[in-house]
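In what follows, subunit A forms one complex with subunit B and a second complex with subunit C.
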Partner chain A sequence: MSIEINDVEKSFGRFKALKNITLNIGSGELVALLGPSGCGKTTLLRIIAGLEAPDSGSILFYGEDATNRHVRERQVGFVFQHYALFRHMTVFENIAFGLRVRPRGQRPSESEIRRKVHDLLNLVQLDWLADRYPGQLSGGQRQRIALARALAVEPKVLLLDEPFGALDAKVRKDLRRWLRRLHDELHVTSVFVTHDQEEALEVADRVVVLNEGRVEQIGTPDEVYDHPETPFVYHFLGDVNLFHGRVHDGHARIGETQVDLTGGSDHPESAIFYVRPHEIEILRDGGGTGTIAAKIRDIRPLGATVRIELERIDDRGSVEVELTRDQFGRKGLSEGDKVYLQPKRLRTFDGNTKRETTLEAVNR
Partner chain B sequence: MGALLAMLKKHGVLPGFSITLGFTLTYLSLIVLVPLSATVLKSATLGWDGFWTVITAPRVLASYKLTFGAALAGACINAVFGLLVAWVLVRYDFFGKKLVDAFVDLPFALPTAVAGIALATLYSSKGWIGQIFTPLGIKIAYTPLGVILALTFIGLPFVVRTVQPILEDFETELEEAAASLGANRWQTFQKVILPTLLPALLTGFALAFARAVGEYGSVIFVAGNIPMVSEITPLLIITKLEQYDYAGATALAVSMLIVSFGLLLAINGLQRWSQLRRA
Partner chain C sequence: MSSIALPSSISRTRTASRTNREPALVRWLLTALALAFLFGFLFLPLTVVFTQALGKGWAAYGAALIEPNALSAMWLTVLAAAIAVPLNLVFGIAAAWAIAKFEFPGKSLLMTLIDLPFSVSPVVSGLIYVLLFGLQGWLGPWLQEHDIKLIFAVPGIVLATIFVTFPFVARELVPLMQAQGTEEEEAAIVLGASGWQAFWRVTLPNVKWGLLYGVILCNARAMGEFGAVSVVSGHIRGMTNTIPLHVEILYNEYNSAAAFAVASVLALLALVTLAAKSILEWRIKQQTVDRS
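Take a look at the complex of A and B:
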């Protein structure tokens, strides 16, 4: 089931939650709505579900206008951040709920319901919990039950509102991989909301980055991470260092340093260069044209990587570099050392069109 | 017991377990247990046969029927309409909502005799409301109907005030979840909202009922107090007291006490059961 969102707008009082949102979601796709809190992602999801009505614009399900269709008739499965399980019902009854409330004519028989609920419990690997109450389950188990309950009505579209937001880091990771596998099995069109960029990049087929009620970029995880179209997307998807400088005749000038570039020459005079922490090389010595002198201020090992905070010698600006444990070990760096930074890749955005240009530094 | 006390002591965050427990027990004894046991002791002076004769006299039996029946009816009416009032107060915004919210507490604050007189005046056959019902052949004041009316009036705040906070905390997500699963409004109310409210509703019901059983002031003005028809048990107790029949009065009191206690215990059991189901 494909979903088309045309020109949707929504305000709450004076606050414009969504501005001109247009988005197409293909049949069987798994799409992430990613953005900081207050960017309108949950509102958009609720409008797709029919829990909220747009002020203008339309929602089409499989080419059919569903804008005014009640949530009951949209055939969507909705999974809430805080599970919204019915606490006075057992796990079994929770999952059976959607089948039991059907009009008499369409209601499956008791044995049919029983079979279906157990199939779903097996699907979410929690068959042994059928007789428990939600209060007796862990967060991860509750969310899987909530998912099974949503799937029981055989929805055409599955909508998940920060489904792993209330879970701890380990469970969150397990569960999002499990969701990805489940989606590969079921192929139901799914949209999930998250503010966690790692989650969006890992799980989704496509990522929609939202900011202040607008779509910033739509693309595959690789596209949005490697080729951010706007500075916002650059900032939101991972850490980034900013260097103020100028571009001139195939050189980037950052402070006193000149970096030779391959690639375009038709750039504005002054520019802001975006460089990800892992795209900077740290050199022990070799002060030359292509490097920026800096002093190590702080070294923080973070699991598999080591984050190094430095201070530029020329303008005391701060720079972050990320190394793997191996690289870090081989270099033998310590706090207070003077080193030379060599950006491997610089990106800049044209002030007017906000187009991104990638500049590869010449490796000497 | 000593070990248990020591254990409780150790786990408390605040000190002073033994002093607070001691105070609680003394206080409860002075306020509740001593007067109640005095009542039982006084009635015991009648002897078993005398006691039985007093509490099963036809006029007394009729008064039990009215007292407990009308209290039950009043509590039932309050359960339904109190829920409705609480719902409207929580779910909707309208002009004067704060005022309406304050009105709910009036039956608490008003001297019950005033309420009784007001009700009797309004609902008598010549009263503003009573005269509407007279042509239909319905008499409200000075009949059992009037008793139910008075007991409904005084019990209203209990249900509203116990249900209101639960309804305020109710996650609207649960309703949305039910709707997205295809439930219509009635199914959502009946299968999702009502079970969540049930324990609070039962508490409100029990409180309204208990209050109604012991009510005296408002009822005697509106009931007419016709023996065998509209006479409540508390009035019979007063009558006996006025005739210096203290033992007989306490015998009635004890019998009421036992029945009330039994009923409240049953309601409590029901409440526990409905809470257990959500574990």
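Take a look at the complex of A and C:
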């Protein structure tokens, strides 16, 4: 089922939680609402569910106006951040709840409920926990039971509020891959809220980046990561280095350094260049043009990659570079070394049009 | 929630053990002091009640209990509690539900009002009813005209009992419901439950032990209340005397064996209440341990 969100606004007292949110979610899509805490993502999710009412704007389910439809009639499944399992009921009864509260005419028979609950327990691979209470389960198990409970009512839309937020790193990774596979199997339109960019990029078909109640960018994980439309998106999706400079006549000037470019428009006044840590090359020597001299301050190996913190020689701030283990090994860098940085790709945003330009450095 | 609760509970026990390293002498002294206090103020009076009650033998004890005025007092006490407790149960749940699950103007005022019977002397609570419904009171003449008797009659006693005992259930439930939040109810509604179904299937089962605890305390107070009831009762023997009032009358007549015999019924009630309270506290603790 497709969801259309038209110009939705919501305030809590004087605080504007959502401003002019317009968003279309296609049938069967898995969409992530990504943003820092307080950006309004959970409010938006609760408005889609019908747990909050928007101050203005409308929500359309499958082209039909559902703005004033009660939560009960929206046929949504909602997985709460802290799962909200009924603590006095067994896992079985938790999942059966949605079926048992149906009006008598639509209520399935006891044997049918039994079959359905066990199907769902099998789906989330926890059939052996049917008689336990929520208090006896681990976080990952609770989360999967909460999902099974939400799916029991055969929702047209599945909404998940920080589904992996309360889990530890390993379980979180496993569960999000599992959720992705589950979605591919069930194809139910799903929206989940997260503040973790890695999670959004890995799991979602499309990512909606929110900031201070506004949509910053909507796009596939590749689009938002490779072509961030605003500086905020750039900052939020991964680490970034900032260089102040200018663009003129086919090259970028950063301090005393001149980087040759393959194209791009002029920013003669001033420009801020955004460069991801893995888009910078470290050269042992090569103090010519096109490189920025820096001194290594700190080296931190982080699993498969190595993070290097450098201080610019011209005292204009620090730079972070990410190398693979291999690259790092070949270069033989150590703390205190003087090296040269060569950005491979620079991005800059036009202050007026907020348009992004990517500038490729000339490979020499 | 649980993954957060667990480490904090561990650290709590750790700090407790670290700070509990008082010298043995201090620990013994404090324990002895507490025990001596309990002995002097609780255990001793309780023994006195029972020895005095049985001072003239079992026969006199039994006679004092089945004497018509005593039976009538017991009946009235049970009646007042039987009306006051269910009413306060409903009121307490409604008030706690409103306070814990909704935001509305005047919420803090409501909470203050619920505490009012605790902060006002019971005698004053009784007097309020006399001033309202008594012969010289505001509504007295109107009531007399319509031949309705509230003060110095059973309805007055029931009213005073309700007033004095109404905070118990609400006070017990409000913090419990506030701690539980509204997520489970929201989950129930999203799953298609009506508000009524959410209440019966989710809210009520979650607070049942706390609720029972409140009811027991409420009942104990309803049966033991003296001050407010004394003011509105008029002390008519066999008519408007509850157990505590009957005890007082017997004692004032120097009939101490009978007075203590009837008092022992109240003392027994207190012991049963204490036992029930401990069992419930244990249950509630078990439940919270299960959940974390």
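One rule holds in what follows: the second predicted complex is superposed on the first by the 359 of 364 C-alpha atoms of A that agree within 3 Å, B and C clash if a C-alpha of one lies under 4 Å from a C-alpha of the other, contacts with A are read in each partner's own complex, and residues count from 1 in each chain.
The definition used in the following text is that contacts are C-beta pairs under 8 Å (C-beta built on N, C-alpha and C of every residue); 3 or more make two chains touch, one makes a residue touch a chain.
Computed from a prediction, not measured in an experiment: that's the story for all the values here.
Novice: Both complexes share subunit A, so when I overlay them there, do subunit B and subunit C fit or clash?
Specialist: By the criteria stated at the top, subunit C and subunit B clash after superposition.
Novice: Determine, under the contact definition given at the top, whether A:Ala166 touches first (subunit B), second (subunit C), both, or neither.
Specialist: second
Novice: Per the contact definition in the header, classify A:Gly135: touching subunit B only (first), subunit C only (second), both, or neither.
Specialist: both
Novice: Return first, second, both or neither, reflecting whether A:Arg72 touches subunit B, subunit C, both chains, or no partner chain.
Specialist: both
Novice: Please work out whether A:Gly98 is in contact with subunit B alone, subunit C alone, both, or neither, and reply first, second, both or neither.
Specialist: both
Novice: Is A:Leu346 contacted by the first partner subunit B, the second partner subunit C, both or neither?
Specialist: In the superposed model, A:Leu346 contacts neither subunit B nor subunit C.
Novice: Quick check for you: in the superposed arrangement, does A:Ile21 touch first (subunit B), second (subunit C), both or neither?
Specialist: Touch status of A:Ile21: no partner.
Novice: For A:Ala252, select first, second, both or neither according to whether it touches subunit B, subunit C, the two together, or no partner.
Specialist: Neither partner.
Novice: Starting from the residues of subunit A touching subunit B, keep only those that also touch subunit C in the other complex, and list them.
Specialist: The answer is residues 49, 51, 71-72, 76-78, 80, 82, 84, 86-88, 97-98, 101-102, 133, 135-136, 149-150, 152-153 of subunit A.
Novice: For the complex, give me every residue of subunit B touching subunit A.
Specialist: Listed in rising order, the residues of subunit B that touch subunit A are 171, 173-174, 176-184, 187, 191-192, 195-196, 277-279.
Novice: For the complex, give me every residue of subunit C touching subunit A.
Specialist: 1-4, 183-184, 186-194, 197, 201-202, 205-206, 290-292
Novice: What does subunit A use to touch subunit C in their complex?
Specialist: Contacts found on subunit A: 49, 51, 71-72, 76-78, 80, 82, 84-88, 97-98, 101-102, 133-136, 139, 142, 149-150, 152-153, 166-168.
Novice: Please give the residue numbers of subunit A that touch subunit B in the complex, ascending.
Specialist: Residues of subunit A touching subunit B: 49, 51, 70-72, 74, 76-78, 80, 82, 84, 86-88, 97-98, 101-102, 132-133, 135-136, 149-150, 152-153.
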